[in-house]
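Structure incoming, see below.
A, B, C and D label the chains in the order they appear, each numbered from 1.
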């Protein structure tokens, strides 16, 4: 059975091939069958494989398909590697992916490019599965770039609006910056350990380097560069909010549940390397905490529902990075999984809301939806609870672990912990704000709630997972992950610390409710006060990072391209041809047809030649 | 003079007798075809005779004439290269109104001059040969001055050529006089010994310089090139072709023999002057040709450049190493042969489109517009000629250039080779421009391209193109005969 | 004594040569140009004779005869062309000849 | 002998195709097709050759179909044809792209059809000759031969500025090749002095001692000629013009095959013949490589002309070849070869695409395109594929090449590799820009007049593109199919240079 592991990426890929080759000529139900069915089959296969894997108490399983490329000693295989970490990811990708596909088959049904949507998503799932199953970093890079491509394609899915195209390109190019760092990291790793096979490289790296080795740190830094690009962490987070231009199921699948967490996976996968470099661990933690704070503040100022969710995603991934940075590997993956549940739920519910309101995404034009959209309201509420990490929802379990680990870890500490708690407070603040503005208050406009199995079932399942999934993972899923990551005692910080961590979100909820729910204080007044207004603008713009990059990189590059459109190197041939023409013009003046000039030239030339021969 | 010497001299006598016979025949009957056939037969007979004697030991006939393999090679070349001159002239004259028969006398006299030059190793024969060639050419250049549709420019060309050639002859002769004053001998080899003895003084040097000027004029080296484009343009095509091929090639061959046998080539100053002239010729020749729209002028400028390229091989022939010297001399020989056959193709194509009956020659670039679509084969052949001139592989011109590169490299003339590369790049521009013109879609009906091509012209084109390609693909045969020809100079 | 004489003779020849060259250069009348050319040729003839006498050989004089012959031949052709020139332009000014250029 | 036949078939086929026009206008096409089929059949035994068929020539192993005839003994010039794994792959690429170019020419070339296919096949013959000739003189002959028919292709069937472009193309390549000729001759003479034997054979010249400044200059002569053909900044200017103005099949051949001759030259001659000089020159070559990659990528982004954009992207990609060659280890060499082949396929696809668009819209200006996806989704998807291939997405051939080159060169020259890797960032900038301007975005007015059915790809075009796509995917996932051929050859080639 385990030998059929290749089927997991193969089913979505087959779906992709089928959809491409029929180029959208199939009837829509068939398209749905193939598009969502292939993911379902992959999920089923994953479940069967997981059963076998777990029941046999295996720690890892390797499947060599073929040798990919070969040059000198470098021969990465097209090989799959399954362990607890990969299995966790597989579950998220195929399981949550399947649910999202079902939802999408309803959500996208009326779109003229319905088949194209599934073409892309199937390719995405295939690439994502390759990413997590890769047994070497080159193959991982294949999946890594593949998901990036699909992200690009899906962000720009509605290609007729140039803004969507711009967002898509931004996403691709910005992540590509990280990818390049990643690639350079691979080169460096290969140079020193002579292999890119992950397990082998980790073993060799441990033999080769002691702790705090500069090269190891450098490699980690480069891998981190790749991770922050893909996972939208500082300083490469700017693409993700714009990526919301894609259809909402895409935001749920790619920009919340799966792809953006690839960076977390990458670091977790190479954790042994990072363990050699406490400095880089610390850097990961700092990146995580700064990102979660920054995006928390920004989320508070957004008015677009999906952008709020996008910033919350960035912030939650920041928590995962924090977990990685403090060495709480399992917690990071744990949070990755729970986040997938509640964030997918939030996005899909948001999709339903947006669809109900005729593609209205501005939260200030919503309001009072609690009565008109009761079911989405409940589902969204559950999602919010998970996001805020209210006990005992899934988000609570994972976030608590992270905060506790942060306090105790040598690469974490109280300061980082404080930042994380502040982040949790911010999360509560903006989540409540969002919920209150959307669902409470006066209502305006009419709604058309999409109904049907496809719209409801996935959401209910996700809501269930968001509510109780945490308990399940906390208890049942520790084993497979503990085989992957170095074990350690469970963190037990002082009780007061734990209490603060648990209580802070409630404080956030309360304050936010006073502002937005009860409207005891006027949020507008507060925001428009002289002190806060520039700050609000600053936060709203994503801490002016876009502006900064625009000024620093995009504008100069465009300027460079523009001033040199004609290629200045062309001056070389142009100047030589001009010189030749001038030479010609000058010379042809001598050939004026006057015999006496000819004689004169000849006489002078004769004198010259005589001079050269006789007197030189 | 022994009987062997006399027998050896027969080919020269045959060439000399052609003009006499023609005079006699003309006084009885003016029959164009007959006259041309006699001329043709004379050239071919002389050529075959000399060809037969190739490989025999060298014979010095009086101090003036030497028949060794080197001179035999060039005599053969002259005689055979004169065949197309006759054919082309026959075709051209047939269609024009002027007197026809006298032209062949002039032609045979010019060829006689060339043959004498090829066989000369003494200043007297050198001088006689040069002047025989030149004076005949004055008349040939200005030959078509009569008739309703005469070319007005022939007269101008002729006068310019005559005056300038006269001046250059004076330089040449003054140079000879000075050399004679210095050394007291008029044979090339005699001079060599004197130079080796160290008797060379300022007079001798000046003499050599003036000799170079005279030769340089005939070869239209820059800065003695001024006449070339005007005369090329003004003269009728067959004369231009003769001027461009035989007259130049033979003077160059003689120049090589003189410079080599007299040892003057080994003098640093001579090499410096040659290098200087070479650089100028390459750059100015190509520079002048660059935007040229008149094809005859273009070919004139291109010939200036080509003889500039040859200077590289000429300088390299001063090498002390026998192998390198042989290489350089072969290079000269090969280049000359390649240049002759290629130039014949080019002028053959030019002539094929010309209409002497109307006094019109296809010399303007626009006359060639769309030729590829009107007359594909002619255009293809002309392109081959142009590519050969440009030195593109599979043509004789490439092997020739290759040889020059090899010779230059063997003598480490990097600077000159660098100039050669630069000027070749310039040269490409105007050769390609002509080819492109032929590729352009024909705008309107072009009368030039309609007329049937005479048989003689076709024959020249086909045979010479075959030569160009043969030499480009399989040059070994010519290399071997050149190798044996230059042995006598080693 | 000998050398002085030869130098003088040569100097004379050179001066004549230059006068001839200048003549060709400045004159526009083709007949005068032809005459100047003859002067140049005869200068060379003088040089030959001087050299021949210097070496005490006949070669120089033989060459002189050849030079004279050449001069005659050139002038013969030259005068013929002069006639044609005059016929066409009603003038013997060579500056009329400027059709061929460029 | 087979290689000779291959070349002869192409030459003869060219003549026949030229003559066939007199029978029927379409006959030339079919003759060309038949010629290509025959040459593919002739190539088959070479492609299937088992290692035991490999010969060893002058101590160099891994050679096939060695043929040596006397030619010009005066200079030790022989008619020496031999192929190894590298050559076989490149010849196969040539024939394959021959089919592609034929398909792209099928309808586009309507005037002077016979002459076109004559030139077409002669170009291919010249290129095959280049890949097979191991005598330097013969190599040079083929090197030049292919120029002339290509020149005609641009001049006669090109677009608005064709004369300028053709002249530039010819003068650049010819002038630089004279430098090559000079260096060849000087090298041969040097070898002559050292060994007493004059020979133009690559095998004989391998042992020449080429140290010092003189060796460096000789190497530069070779290098410049190949760099022009490659092309690399700063001698690349002929390429954007030539590519833009050439007709589609011309662009396909130019980008797909002709550029590879420069790359092949770098691979075959520079380091093996001048190891010391090449080593000394490496820093400068790396600068050229990196500048080519980055500068051309930047230039590509600035273009409005679709073909010009693609042309600059070619320059950028070929910069990796320079980088790979001057890294000279197993990884980089293998990568270089794969990059050459993959770039051949992807750029052929892009140019065929640009040609198809121009054929329909009569413009290449990106500013006049936009939103063509809805009209022609199939076309758009294919364009997307090639754009993605060009930006080096893993799973497609270009990635394998680029990755191996970078990985290999990083082992030798980390800085250069890092800088060149920045090309990975700039590539999507222009590739996606191209896509955005042409197929995505709002529908432009230029083609609203075209009905969708007229606009979409026809079966012939789909076949053409399908072949290329298939090739690229195959290379992306199973590059070993190719590297198995080239392994032996590259290993023995590598041994000639400096070791890592």
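Note that in this section contacts are C-beta pairs under 8 Å (C-beta built on N, C-alpha and C of every residue); 3 or more make two chains touch, one makes a residue touch a chain.
This one's a predicted model, so the numbers in the text were calculated from it and none came from an experiment.
S.K.: Select, from A-C and A-B, the pair of chains that is joined by more C-beta pairs in contact.
M.R.: So, comparing the two chain pairs, more contacts are at A-B.
S.K.: Distance between subunit C and subunit D based on Cα centroids, please, to the nearest Å.
M.R.: 64
S.K.: Between subunit A and subunit C, tell me the centre distance in angstrom, where each centre is the average of that chain's C-alpha atoms.
M.R.: 95
S.K.: State, to the nearest whole Å, the distance from the C-alpha centre of subunit A to the C-alpha centre of subunit B.
M.R.: The mean C-alpha positions of subunit A and subunit B differ by 77 Å.
S.K.: Hey, how far is the Cα centre of subunit B from the one of subunit C, in Å?
M.R.: About 26 Å, centre to centre.
S.K.: Mark out which residues of subunit B touch at least two other chains, giving numbers and ranges.
M.R.: 159-160, 163, 167, 229-230, 429
S.K.: Considering subunit C alone, which of its residues make contact with at least two other chains?
M.R.: Within subunit C, the residues that touch at least two other chains are 21, 24, 94, 97, 99-102.
S.K.: Note the residues in subunit A that touch 2 or more other chains, in rising order.
M.R.: Within subunit A, residues 588, 591, 593, 595, 599, 603 contact more than one other chain.
S.K.: Name the touching chain pairs, would you?
M.R.: Pairs flagged as touching, ordered by label: A-B, A-C, A-D, B-C, B-D.
S.K.: Where on subunit A is subunit B touching in the complex?
M.R.: It comes out as residues 580-581, 583-585, 587-588, 590-591, 593, 595, 597-599, 601-606, 608-610, 612-614, 616.
S.K.: What does subunit D use to touch subunit A in their complex?
M.R.: Interface residues on subunit D, with respect to subunit A: 168, 172, 233-234, 236-238, 240, 298-299, 301-303, 329-331, 333-335, 371, 373-374, 377-378, 381, 384, 388, 393-395, 399-400, 403-404, 406-408, 410-411, 414, 417-418, 421-422, 424-425, 428-429, 432-433, 436, 439-443, 477-480, 483, 487.
S.K.: Where on subunit A is subunit D touching in the complex?
M.R.: 20, 23-24, 66-74, 78, 116, 138, 141-142, 144-146, 149, 152-153, 156, 159-162, 165-166, 168-169, 172-173, 176-177, 179-180, 183-184, 186-188, 190-191, 557, 560-562, 564-565, 567, 569-570, 572-573
S.K.: Going by the contact rule at the top, pick out the subunit B residues touching subunit D in the complex.
M.R.: It is residues 330, 372-373, 376, 387, 390-394, 398, 402, 405-406, 409-410, 417, 420-422, 424-425, 428-429, 432-433, 435-436, 439, 474-476, 479-480, 483 of subunit B that touch subunit D.
S.K.: Which bits of subunit B are touching subunit A when the two form their complex?
M.R.: Spelled out, the residues of subunit B in touch with subunit A are 159-160, 163-164, 167-168, 171, 202, 205-206, 208-210, 212-213, 216-217, 223-224, 226-227, 229-230, 269-270, 272-273, 276-277, 283-284, 287-288, 290-291, 426, 429.
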